[in-house]
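Each of the two complexes below includes chain A, the first together with chain B, the second together with chain C.
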Partner chain A sequence: MQDLISSYKKNLLLSILLTFFVLLFLYGIFATNNYFTWFNFKTIIRDAALYGIMAIGLTFVTLSGNFFLLSIKETAAICCVSFAMGMSTGYGVESWVGSFPISLLVTLLIGCLAGAAQGLFIGLGGNPIVVTLGGAGILYGIATWWTDNLVISFRRPNDAEWLGTGSFLGLPTITWSFILIAILAEFVLRYTNFGRKVYLVGSNRAAGKATGHENLSMAIIVCTICSALCAFVAVAFAAQMSSAQANYFSAEFGSSGDMTILVIATVMVGGNSIMGGYGNTIRTSIGAIFIAMIDNMMVLNGLNSGPRIVGVGLMIVFSILVFALYAKGSRAQE
Partner chain B sequence: MQNSFISKIKQKFISNPDLTFAFFLAITVYSYFGFSVEVFASHNLTFAILERFAVLGLIGLALTICIIAGEIDLSIGSNAALCAVIVVKLTDPIGAPLAIVIGLFISTGIGFIQGFFIAYLRVRAIVLTVGTLMLLRGISLVVAEEKTVMLTDFRVPDFITTKFFMYFSPASIMVIFVFILVGIFMRFTKYGREIYAIGGARKESLAAGVPIKRPMIIAFALSGFCAGFAGAVIGLKSGTAQGLGLQYLLLAGTVAAFVGGVSILGGKGGIIGAAVGALTVNFLNTGLLFYALQVHFVQLFTSVLLVVVIVFQTMSRIFDQYQTRKAFLESVDQRRKNLIAKRDNSLQKS
Partner chain C sequence: MENPVLKISNISRSFGAIHALKKVDFEINRGEIMGLVGENGAGKSTLVKIISGFDNGYEGEYKLNGEVVRFENPVKAELSGIAIAQQELSLIPNMSVAENIFLAGAKVKKFATIKKLSEEAKPYLDAVGLTDIDPSIRINLLSVGEQHLVEVARLISHDAQILILDEPTAALGEQESRRILEMVQKIADSGKSIIYISHRLDEIFKITNRIAILRDGESQGIINTKDLNVDSLVEMMLGRELKNMFPVKPTKIKEDTILEVKNLWPDGLIEPVNFKVQKGEILGLAGQLGSGAGEVLAAIAGALQIRSGSLVLNGKEFMPSSPQQAIKNKIAYCSSDRKKDGLFLGRPIMENLTSPALEVISKFGIRSASTEQKYSKNLALEFLIDVKRLNDESGLLSGGNQQKVALGKWLSISPEILLVNEPTRGVDVGAKSEIYQRMRELADNGTTIIFASTDIQEVTYLPERVLSFYQGLLIREFGLNDIKTTSILKQITDPFNETNL
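What follows is the complex of A and B.
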């Protein structure tokens, strides 16, 4: 607490800005109609769950020092399309039509393969941004090629409904999975051998290499985790819509322009160090809920998509500036 | 005289495998389409390719400069979109030239501010520009009032597409001019060399007294200028602009820069490479038009090109490491042999 107050005094400009934002936020909560209701709270959590799960996957990548993947929405697109194809055509096998487990397995497999391939290139020394920029184009191209850019829909009473629109104890299934995945990921990062290795490789790559934890295997594993979680979100989304198209996750997804950037924003706003080695999934989850809250507030106030994107963009830039100012002199600015 | 010139060029190609690979790729792509599509190697198509080069070359140039400085500017598509929206919106009330000047001023200013924050706060550019990517996109949406902005009189921008000298238009002439200027700047001035220095070896150059702020700001301001220029050309040519458009430029520009032989570690590559890379991507895009494919196929093939280049660069780096290690081990062997021989000699003497 003492440290907090002293650092608050040191960065006067920053603290004024921070206080201003907090006041604005509190004002928004009380001035917006219908904001403080249980129903709205459920909506917020549900929104947050969709990109929160992806962001938890991305947190692994970020923590291991591989910056972020720019292919998130494309991985989701191909998985979404693949799931819908499985549900509606069964990949050409008659008895597989409408079979939820097989569609889910194939989709997860595709997601893992996409992640592992990108992770391989990253681990071999490619820059994550450039590799995934290329990977994104290829994945999106394949997804549209596969479906001829059509909407693939499947019939309403199906096995996947419990995942898309079902609810349990008053909360939607996707929200429950968000909570479970967050707890599981935090447990893995904190208490397992693998989780500690992620932090080690992320915070000091040279030390990691010297102790035998190369980035090659680490990059493959974390990219696979991230892509698998993207695949899971895509499946949930396709199940919710009972249909899929390659550009479901592209421009103007939800409100904030672009799924990939939104997920990256979630990781950043939560306060994880983009350089790796510092952060956890609880921060990411809080970031997701925070973005969803702000976005929801702006929607309730009747703002268009332009100001909403500006709002989220300002949040990202602001959080970058704040963490850069606080981290001045530490290794994060390497 | 002639001979020495050729051998000089040969030497240059051998010493720079990335540039050689860029030329190889460009020639391969061009000759593939030249042989398979009848009209590909014609005057009109060369004009069309140069017209596209006016846009993509600039984006490739912008990213090349940033990557040479060891950073990458992800907000380039949004910056171009913002400039396009501003230029198209202002052309009606105040005329095209003034609108272009204002748009370029704003884009360059945005690049300048980004460079300043990156240098001052010492954050990585990818981190900051991913934020400004979204921020600028939102701002251009707000400026465009969420609509597609359109010119009322489509004859106004005709002056940038008039054809002269068979191949050129004012836009492509300007871009070639910019290329030459930036090439001279990067190669022969102190400020340009500083950009190479902070990209290639940042700690060493800081220790040697190179300021980090000035080259970083110059690199990003140049990149903002190029992005704005490209946005203005696109906006005026099509007469329309969207706040959410032009995001494909990032992929295309990155591919152009990487085909041109920049290294993501910074400090490598040049303007000739950027031009060759942009031309390669243009050949590919223009050639694919003749197969009447859907838009996403162009994206797919561009990405494949990027992956090919990445694989080449990674392999050559691994090969280099292998060679260095081999040379090192050989030298160790040699030294050991020498020592043994020395010991034997001294034993024989005694």
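What follows is the complex of A and C.
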């Protein structure tokens, strides 16, 4: 009996989340039209994949105790316009126009640089919120400057369609990417030294330093991972739209209207510790699907964007509350 | 002769199977300064908690002014005139001196201008000798000693009749300590009773009327200060049987220098230090808080900023600038604050044990679970950590077991030099003994151990050589044959005969 209670307590948040899942699912099947269809299922996991991938990147940052990157949507913004620029203009090189590999490579490089630079400042002791707020401004500014805030579109058919709208075995390519990235990330966290260091440094930075694991290199690597995954999502999104504009991730995206908040919500709703050191990417993935399900439900019930943003906000508050209670109950305080 | 204001008789307190206090007696008269001494873990803090109402789960009789009392909480004790100044200051740094004095208690109206508050604070500040302090300035502009005095002023403002001062001078220099002592004397002269707790025996002798001695939770009597000297007091505090806790020392000092510390000048020391360390020896750095002994260790480990100096390790000169570099050179450092940087409290014991040695248990950066299991199991067995609990959060362990994990994790890199600051702080007697045994075994197998400690027993009975530190200075070296509790105690508390004992 004791074991049962403790194991329930240990997974309290997960249990609550799964219960909600089931309830939501039942409600969907019996009370919502067009819910239980293959098409709708694909919509849900497609949405979940887009912010789920970014959230997996952010999970590394959060687990390592470096809080959040507030520059997620801006990183995605500069990356999606960079990709579109590559596809439509080839960055000024005639023979590169429409070349998917070069556009992808340049975009990933920009993403990694943006992440590494922010990680460097965080690792040197900068407050992650301040550093990434500044980073956000700079990245978004460059993106609009570069494109004159215009929509950059590239003609179909093009080489990027397989990523944007293609599918494999009935599932969208982006969903497959999500699954692969989630598995890979979980493997890295669980079985590699780097993953272990993420947890150790995240749970106690001072002890991490004392045992030879500095936060400087850690911050650079996790921020680079996060930004690189943002870049990947940005590429997929631009490929899907066959166009890009700097504000795609601020205005037109998903339910919340703000990509950064949505991604942070995904990490939190899954029950990863905000302070670091506790959590995993499975939680994040479940969080992504959960948010996508609720959002989908709200859409099918005819809610427009206002109430849907409120919904996401409520989910964040809810998960923080539950996690705070949970953390109080389980951690050794002495 | 006098009727004691506070009298405690036959008080016992146990936590589970541990008897923290066994039939302890204590009393204090009006206007008296009563010293309360005992080793770490002797039960001083338990007794103080009972007196000040933090703990009421005791058995026995507690009389205040002749009436039996049992305080439910510290607020009730304070209303009855018992106030405690903790070792760590409980002041709010960004508030004014006056605001800090009236922080709690109903002395002032809900709304008051800073001017009004300052006026009201003045008499209390005068009472503790802070006559020239403007009560409206921010408290963090005062020195630490002055802040302690403000804390005492706060207690007086609460009409406290019995003041408990817990190591008020632990973090202070000689001059500031003197100021505090003078004040304590003055407050006592005005008719208040003071329970004075300190590890600095010179102070105890200087200001107290009587001394209550605790050892292993038992009263060793309350004795007039006049009738004691340092030797007899230390003997009463320590007892004799405690020697058995320690492993046998080797009969001669080793002569194979492994590490030479050259002109090392860490922050917190007044002048650079030079010394040599022999392979396979245990070297003790003795000194009180603030003496600089711990800073020397941290500097060797690259965990503390230094002004100058270098190490010669195995004939090679180098100076680690971070713990990472020290670890690469097989120098392990276990700090005194295991909660801060010794343990990953939220992570399992196993991960703690292997944390410095991830490269050892992995191939191409990927770990195999079974290797890690086996590796940490061996470490746990060596350090007598319960193998069944390897997957538990280390924060759930007792202090002694936490310390074993904090220390034991360093065996995973098979260090050449093991630096330990306060090897047994907050550790129960049983675990202490195990840790000492293990340290000696390691030394016998060729690991060089340097430890810093404020615990006089540990410094006397564990190492074969001792360096004593006092207020940022390296005072002298003790060889195998001149390590004696009394002489070391003298050297770490009053090496320049400042108190003329």
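Keep this in mind: the second predicted complex is superposed on the first by the 297 of 334 C-alpha atoms of A that agree within 3 Å, B and C clash if a C-alpha of one lies under 4 Å from a C-alpha of the other, contacts with A are read in each partner's own complex, and residues count from 1 in each chain.
Methods note: a contact is a pair of C-beta atoms (placed from the backbone, for glycine too) under 8 Å apart; a residue touches a chain by one contact, two chains touch by 3 or more.
Model, not experiment: these values are computed from the prediction.
With chain A as the common reference, chain B cannot sit beside chain C without a clash.
In the superposed model, A:W145 makes contact with chain B only, not with chain C. Contacts of A:V93 after superposition: neither chain B nor chain C is touched. A count of residues in chain A touched by chain B and by chain C gives the higher number to B. When the two complexes are overlaid on their common chain A, residue A:P307 makes contact with chain B while staying clear of chain C. Residue contacts after overlaying the shared chain place A:I183 against neither chain B nor chain C. Applying the stated contact rule after C-alpha superposition, one finds that A:I129 touches chain B and leaves chain C untouched. Look at A:I320: by the touch rule set out above, it reaches chain B but stays clear of chain C.
Once the two complexes are laid over each other on the shared chain, residue contacts for A:A210 go to chain C alone; chain B is not touched. In the superposition on chain A, A:F121 contacts chain B only, with no contact to chain C. Only one segment of chain B in 81-89, 99-107, 135-143 or 333-341 runs into chain C in the superposed model, and that segment is 333-341.
For the contact definition in use here, the residues of chain A common to its chain B contact set and its chain C contact set are 333.
Interface residues of chain A facing chain B in the complex, by the touch rule stated above, are 67-68, 121, 124-127, 129-131, 133-138, 140-142, 144-145, 149, 246, 251-252, 256-258, 261, 264-265, 268, 274-275, 304-314, 316-317, 320-321, 324-325, 328, 333.
The residues of chain A lying in touch with chain C in their complex are 191-194, 196-197, 199-200, 203-204, 206-214, 277-278, 331-334. Looking at the complex, you find that chain B touches chain A at residues 72, 74, 117, 121-124, 126-128, 130-139, 141-142, 144-146, 243-244, 247, 250-251, 254-255, 258, 264, 294, 296-297, 299-304, 306-307, 310-311, 313-314, 317-318. By the touch criterion given at the top, residues 303, 322-324, 327-328, 333, 335, 340-347, 351, 355-356, 358-359, 362, 365-367, 369, 393, 395-396, 409 of chain C touch chain A in their complex.
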